[in-house]
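Next come the structures, one after another.
Shared chain: subunit A. Partners: subunit B in the first complex, subunit C in the second.
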Partner chain A sequence: MELTLLLFLPLATGLLGGILGNRLVKPVAVLGGLGTLGVAVGLALNYDTALGGSQFTVDKLWVKPLGIHWALTIDGLNLALVVLTAFVYASVVVACALREQESPRLFYFHLGLGASAVLGAFLAQDLILFVLFFDLMLVPFYFLVGQWGTGDRVAATTKMVIYTLAGSLLMLAAAVATGALAASHHGRHLDFLISNLERLPLGKGTQQWIFLCFAAAFLVKMPAVPLHGWLKDAYKSMPLPVLALFSGVLSKVAAYGFLKLALPLFPDAAASFQDLLLAIGVISILYGSALAFTTNDARLVVGYSSIAQLGFILLGIFSLTSDGAQGALLQMVNHGVVTVALVMIVGVLASRAKGSEDLGSMGGIAMGAPVLAVVFLIAAFANLAMPASANFIGEFLILKGVFDSVTVVAVIACLGVAMAAVYMLRAYIRAMHGPDTNGVEQRDLSIREALPILPAIALILALALSPQPLLKRSEGPATAAVIPAAKAANIDPIQTATTAQAKR
Partner chain B sequence: MIAAIKAPFIDWSALAPYTSLTVGAVLVLIAGLVGSARLRSWLVPGLALVTLTGTAVELLSRWNHPKVIISEALRVDNLTVILGLLCVAAAAFAVVLSLRSDTEDSVGRGEYHSLLLFSTIGMLILIAANDLVTIFAGLELLSIPLYVLCATELRREHSLEAGLKYLIVGSVGSATLLYGLALIYGATGSTSLPKIGVAIADTGALTDPLLLAGTALAIAGLSFKASAAPFHQWTPDVYEGAPTPVTTFMATATKAAALGILLRILVGPLLPAVDDWAPVIAAVATLSIIVGNFGALGQDSLKRMLAWSSVAQVGYLLAGLVVATSLGIGALVFYLVVYAVMTLAAFAVVIENERASDDGERLSGFAGLGRRRPWLAGAMTVSMLSLAGLPPTGGFIGKLAIINADASGGWMWLAIVLVLGSLVSLGYYLRVIATMWMTEGSAAKTPVVKQAREIVAVALLAAAVTIAAGVLPSWPLERAQDVGHTVISSR
Partner chain C sequence: MSLTTYSWLVLAFPLAGSIILGLGHKVLKGKTAGAIGTSAILLSFLSGLGALRSLQSRPEESRQVVSSLWTYAHTGGLDVQFSILVDPLSLLMVLVVAGVSTLIHLYSVAYMASDEGYVRFFAYLNFFVFSMLMLVLAGNLILLAVGWGLVGAASYLLISFWYRRNTATKAGIKAFVINVVGDVGIVLGAIVIIQGTGAVDLLTVFAKAPQVWHTNDPQIVVGCLLLMVGAFAKSAQVPFHTWLPDAMEGPTPVSALIHAATMVTAGVYLIARMHPIFQIATTASDVGAIGGAVTLLVAATIGLVVTDLKRVIAYSTMSQIGYMIMAVSAGVYGAGLFHLMTHAFFKALLFMAAGSVIGAMAGEQNLDRMGGFRKVMPITYGCFIVGGLALSGIPPFSGFFSKDDILLGLGAQGGWYWALYVAGYVGALMTAIYTFRMIFRAFHGEPCEEAKSLADGRLFHAAEHRNPGDGTLEDTGVGYPGAKHHIAERSPSMSISMGVLAILATIGGVIQLPKVTNTLDHFLDPTFSDSPKFGIGIDYNLMAIGMVIGAVFGLLGIYIAWVIWVKKPGTSARIQARFALPYKLFSNKWYFDEIIAFLIVRPFAAAGRFFQRTVERVVVDGAITAGPVSIARASSAAVRSWQSGMLRAYAAAVIVGAALVVLYLMLQA
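Our next item is the complex of A and B:
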């Protein structure tokens, strides 16, 4: 029941604000954001780590004729991601409330719907329910970009939706096929509960095309390199706080989908396509990094670096090792938090450089803005996976997993670590250091600007200081997620005793 | 001597929907002769609505009380009830949507509404038909009033053209169907559907070339009415030319009636020959999905766009029919109802927008509607999202149910075609949404005409039902599957 409440809280407050009128919409939305965060944190604190497994489970038959359950749960796999989503949503709502929007009632409604859909996708334990929320996520963002965006927003949002839905609709057909074929193969009633489907494996040939449909949906959403065509325009058009929510959590749903669905449900196919997905991961890292250090657009540095970071996450998952999967999970959380901070910082930088997000029109801001400089530096260091940051641990675990599984890939992927340092520091130096030739405003962070950024920075530091609670909770489920596929690929998922403790 | 004549037994209670509609249609015609225009303007639609409501109640009372009436000519079962209700509701909404139309000036109000009711009777007969002769009688009673209704805007050239075009193409369709029915009769020696079923069950498959040709012609004839490709060419012109309330009625009710009887024939007597007709229906479905979706791309007239999209939607519906199981029929019936509701919402918005501005039917007339009239634009948005099959709408669940039926029945490739078709359809559905919310309308387009509250209410109601069907689909889906069970088991 708590989970249903958590899921609908953003949407309900978005609707309520819309009903109460223009004056109350902002306070209600902010309360909704903070409330969502509160409920999520409360659930996380009440999650019994010693017990582990699925807790707070809701399971009701929702659409009886189709065997679709309203099944939500929290386990070690999604706990951190749910809290992350609530956190990002709260930050974003606060950031939005400090700006002015046109038609605020619709704006906060769409924002709330988006957050509810993301929470739904993370919490769903029914395959169709997951697909439903996965598709639903896109609808509010279609409007948020198209209506409140800048530049060529309509073309950008159409492109984004068509790209994403191409994958999602194939996934819908594949998901239905999974349930229907499993039911007919094993002579059972139609049922889409993921835990049940895990026990009813499909034939290898069937698994392969179904897996490819799922992979297409997830890879577009992440996005991974050959399928990232929508990213540039969509990122350029999105209002900044919306971008923080989009980049911070939506891409994680896709990565989470691989761990939650693609690996356990289609282990044989995952094993046979392991090389393909590792290749896509490596290409995403290299190409994304290359794009990030050739662009002059501060916002796109963040966007392209996301491609590279998600490439790492993909590598971790498809190393099919426990370490890799755990690293991927940790990195999802890290990247979400860091992205929120970086996107908001880009907004601050642009306001100093007469509204331009071009790195060429910035420079020398740091001299008059020490707090901003420190905040940016922390976020940049975290993003480039500086040792001592949680990102370092995440990338380390990923690379270790890949090294144990497919050594060559790990060696190439290590280049990506170095490249991240290049593009992040380049962006930082060009924006903050150097002579002030463009007449930028050297003003430090105001309280209004700092309000949505500082919690993210605090969280980055907290994660750096103690990532263990997160790793401890995710170890069991992450291992369980990769075991079937690892078996099919003849990989030992739990290599020599490397635990997080040994590394710290 | 007189006592020796035994009156045939007539089950008046099962016949009640038909009698009440007929009486109502005649009364409406008479009411149209009332002298005072003011009195006429509310008496006629009022009488029509009362008639339709009464019919709906009588239909509802037949739920789960299947009966074969008039010496086995009509079968009033759950399928009749559900699709009959859909047609009756479509007629009622057509009445509401025409309340302020100016067709009254050109043709009398009484005639207009009476024709609408007569067409509805034809639909009810067609859906319930249990005999080849009844099928044809129902189809003609459905069509002939519609030919006239299409042409009721006498001063608009397009309207007349639409009526004529529909008459010619529709007659070809009827002739094709009639020829097919004749061949089926020739092959089986009976006009009664159950007896044809027995005759076919003896042979097992359509080995008789006469029967094969008859079935093919019957499918083609009904495809004309349902506007499935490649028998759809009349659709865009007629939908665009006809008065929009009539288009709404055609797009929802005619389609339901045509698909209903197709379902009754194919899953009834022809079920043993499913392996013979299923590939044909699958081919028609595929073609409709492709032709409809690509035809709709780039249409600037919303009515034309919706016409093409309705061709594609018939393709989705036929994809449910291919799987001749209760799962497939349930999915088909559910999606048919959802399709009718979301189409109603879209057309209601078009009607309202048509009145507000000169280019209200064009896509350009929708620019900035989100700002001017957010509720109207909201209803249209829900309708478009649902037609495209996005959650949380009934369209999503409907497509899900059809894909599920296809996947379970071994027609996975058809499900993939359906999904790819939906992807293409985003190209035009999203265009409408983008025009409403994301482009500025020119200031000159502010509505000068008084808003028609009842039309906005219809649009909002339909949109709300569309959402409800997506959020709480269990109950309607179960009812739809009940229909599937009764159709399968009644043969």
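Our next item is the complex of A and C:
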């Protein structure tokens, strides 16, 4: 019940605002955002960590003949991501409320729909339900880009539609096939509940093509190289707060999909494609980083950096180790929070540089803006996984997992760690430091600007002090998610002293 | 209070200071920030003394204490506590770091007084001290990496402190990136160690190491070499050293504190801290010792020719750390740490005194333009002489005892260590030459314009200040040298801290006088008594010979410098002409910057541009994206009658289409 409330709250408040009219739409949306966050935090606090497992579960047979369940739950795998989504949504709604939009009623409706869809995808425990929410996620963003976007929004929407639709259709077919084949193979009724499907493994050959279909959809959404062709135009034309929601949480649904679905349902295929996925991860890291340190567009630095960071997350998952998966989950949360801060900061920087997001038109902003300088520095350091940030722990766990399973990949990935330092500091210095040659406006953060940024910064600092609350809840389910695939790949998912010594 | 309470307080004060200064940056006026910053570090130092008393009251075998505050990260394969390890080694480092930092904070109170970023400076400086103390107190590999990374960040912030200078921001990013490469070394090294022992906690790792690895086990050799990358990057050893000379872009107190006395010695600390595993990985230790020896020689040759006052001292720092790295890698821990301590005293002193000269020169750092400051700045001159004698290893100054202690420890081991022994003495001769070259050129000879102006009782100001690095006009309204800048010896807080360091640089050696006191070695016993090289047979004949050679080489070096730069001016030009090739090599700093640019920086930049301009357009936008997009466009043209031109209808059609596909597939199933 609580979960249904959580799931529909953003959408419902978006609708309600639309009905109540232009004057009330903002307050209602903000209340909806904060309410969603409140419910999510309440659920997290009430989640019994000692007990673990699935809690607050809703499970009703929804479409009986097809065996589709309306099944939602919270477990250690999605708990942090659900809270992250609510947090990002609340920040974004607050940020939007502090600026003006055209046709606000429709705008907030789409925003709420987007948040509900993401929450649905994280909460869904039925394969078809997941696919529906996954596809639904994109609908509001087509409109948000198409109607409120800037620049070449037609190209942006076209590319986004084609890329993601291709991925989605493959995934849909794959999902249907999974249920149908599992049912026929084991002589049972059609049933799409994920936990049931886990118990009905498919043949190795079947797993492979189904896995590839899912992987394609997820890799497009993350995005991973070379399936990132839609990213540049989409990022460029999205309104900034919308981009914060998009980049902060949508990409995580894809990474989560690997852990939630692809590894447990198709363990043999995951094992046999491990090298391919690791290669895609490494290429994304190196290629994304290289793009990030050659672009002059502040927004694209964040975008390309996301490609690299998602590459790390992919590595963690496909290390097929417990530490790697936990690192990946932690890094999803870290990246979401940091991205919100960075995207909003790009907006502030542009407002100081006569609206331009070109790093070349900035420079020397720090002088009159010490608070902005510190805030930006904290976000930048977190993004480059500075030791002491939670991002460092996430990256450390990922590297450790990959090192334990495929050592050479971890060594190459380390190049990405150094490259992140280059692109983040380069962007920071170009915007904030140096002589003020472009006549930027040297004004510090206003309260209006700070409101959506400071909570993210506070969260970054809190996670830095103790990432343990997240790790504690994810240990069991993250390990469980990788075990079948690790077995198939003949990898020891949990490296401990005894196993290390036994190996020797 | 208990030992652990004291130790946590050591960390708490600088952190609190940094936070208070950061939050209060708008309210704190005048020198309040300096007072807050300095007292925070002083309190930290006093807590360190409290911890020392408490530690010494324990029996020797229980002088390694671990204290944990909370569980930091616990996963399937990792158990990280927020823990510190207090033992003689970490406490020695705490006292050196906090002690020298207190003096440098005190110096900065006046030195930075005219700077617009006064509060920011102390906030950063306190943050640095916190990070450095975190590094030395860390109880496990992860917190060690955290401290390691944070000092790199603090160093970056302070190198780029005058961020309006393009030279400062460039130096900052260079230092930061090289340090991140070092961090990667530490992280991978830690992963290898965790893989082997299954532990992150330092004491557990040390206890398990001998059971897991045999001597020169490839796994631990690789692990130690990775740690060594971290140590070399942070301690500016060849070939990871190129950031240190550039780091001199930071304010002079920063050079004294971070880039001479404390942070750059972190690599020495790391090897000493991890000695139980470095002793198993003897190959890695040998690499470290040779790397240290190479660095000490290379840096000394550059020190002989470089003309920037601060860079002479910077290359000297590199060279001296080479001695320390060589010592701890070869298992001569007590001596290496002894030199770390005395070096902190005399090198911080030299930098502070250099700050005084740079103040008198209104920001100019070129030795070619200096001269004749001896009479007008007697205290600064005295500090340079004391620091210079200690650096050159002239008895009875502190550096004499510590350097000879290192070389004795190497010589006594025999074998190929003799090569290191010889390299050490060759380096010592060069050290004396470059040190007194610097002193003679700045203080002797014909007084320069600035010195004359000071003799008339006024501080020199250039008509317009230009950045010596790239010739751009300085923003003097923002930073030093502002209109109100001082010279160190005329301001009490600066002269007091210089005086204290001068005394320490002179008598610091008494802590470890051969055959008389061995307080330091004895104090460190609980940390190093498990070392197989513990108490290697001391050869008293060799010791006597070494001390004589050391003293003679030091004096000889000073004499050579005196002949070349005072007695017969012009000799230096003749030598340059005669040895043109080595001169070119040294003055171009052995071309390390160029080699690194050629091998690493340019290929990466070129790859980035190639990806951005070519691959993105041709492959990603062209082949991968444009194909499907044009197919879609073509098919949408076919159904143009449907398309009302409205995006909404288009998207709705897409969704309906998708739904139909779903339905079809389901019915098929």
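What we mean here is this: the second predicted complex is superposed on the first by the 496 of 504 C-alpha atoms of A that agree within 3 Å, B and C clash if a C-alpha of one lies under 4 Å from a C-alpha of the other, contacts with A are read in each partner's own complex, and residues count from 1 in each chain.
The rule we apply is simple: a contact is a pair of C-beta atoms (placed from the backbone, for glycine too) under 8 Å apart; a residue touches a chain by one contact, two chains touch by 3 or more.
Keep in mind that what you see is a predicted model, and the values were worked out from it rather than measured.
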{"item": "First, second, both or neither for A:Tyr142, with subunit B first and subunit C second", "value": "both"}
{"item": "Which superposed partner A:Lys472 touches (first subunit B, second subunit C, both, neither)", "value": "second"}
{"item": "Contacts of A:Val176 with subunit B and subunit C, given as first, second, both or neither", "value": "both"}
{"item": "First (subunit B), second (subunit C), both or neither touched by A:Val411", "value": "second"}
{"item": "Greater subunit A contact set [subunit C / subunit B]", "value": "C"}
{"item": "Partner chain(s) touched by A:Ala271 [first = subunit B, second = subunit C, both, neither]", "value": "neither"}
{"item": "Partner chain in contact with A:Gly229 - subunit B first, subunit C second, else both or neither", "value": "second"}
{"item": "Which superposed partner A:Leu66 touches (first subunit B, second subunit C, both, neither)", "value": "both"}
{"item": "Touched partner set for A:Phe396, first subunit B, second subunit C, both or neither", "value": "second"}
{"item": "Common interface positions of subunit A, toward subunit B and toward subunit C", "value": "66, 135, 139, 142-143, 146-147, 157-158, 161-162, 165-166, 169, 172-173, 176-177, 179-180, 183, 190"}
{"item": "Sites on subunit A touched by subunit C in the complex", "value": "66, 135, 139, 142-143, 146-147, 157-159, 161-163, 165-166, 168-169, 172-173, 176-177, 179-180, 183, 190, 226-230, 232, 287, 290-291, 293-295, 321-323, 326-327, 364, 366-367, 370, 374, 381, 384, 386-388, 392-393, 396-397, 399-400, 403-404, 410-411, 414, 417-419, 421-422, 425-426, 429, 432-436, 466-468, 471-472, 475, 478-479, 493-498, 500-501, 504"}
{"item": "Residue ranges of subunit C in contact with subunit A within the complex", "value": "22, 25, 70-78, 82, 120, 142, 145-150, 153, 156, 160, 163-164, 166, 169, 172-173, 176-177, 180-181, 183-184, 187-188, 191-192, 194-199, 208, 212, 472, 475, 478, 604-605, 607-609, 611-612, 615-616, 619-621, 624-625, 628-629, 632-633, 647-648, 651, 654-655, 658, 661-662, 665-666, 668-669"}
{"item": "Footprint of subunit B on subunit A - complex, ascending", "value": "61-66, 103, 106, 128, 132-133, 135-136, 138-139, 142-143, 146-147, 153-154, 157-158, 161-162, 165-166, 169-170, 172-173, 176-177, 179-181, 183-184, 190"}
{"item": "In the complex, subunit B residues that touch subunit A", "value": "330, 370-371, 374, 385, 389-392, 396-397, 399-401, 403-404, 407-408, 412, 415-416, 418-420, 422-423, 426-427, 430, 433-434, 437-439, 473-474, 477-478, 480-481"}
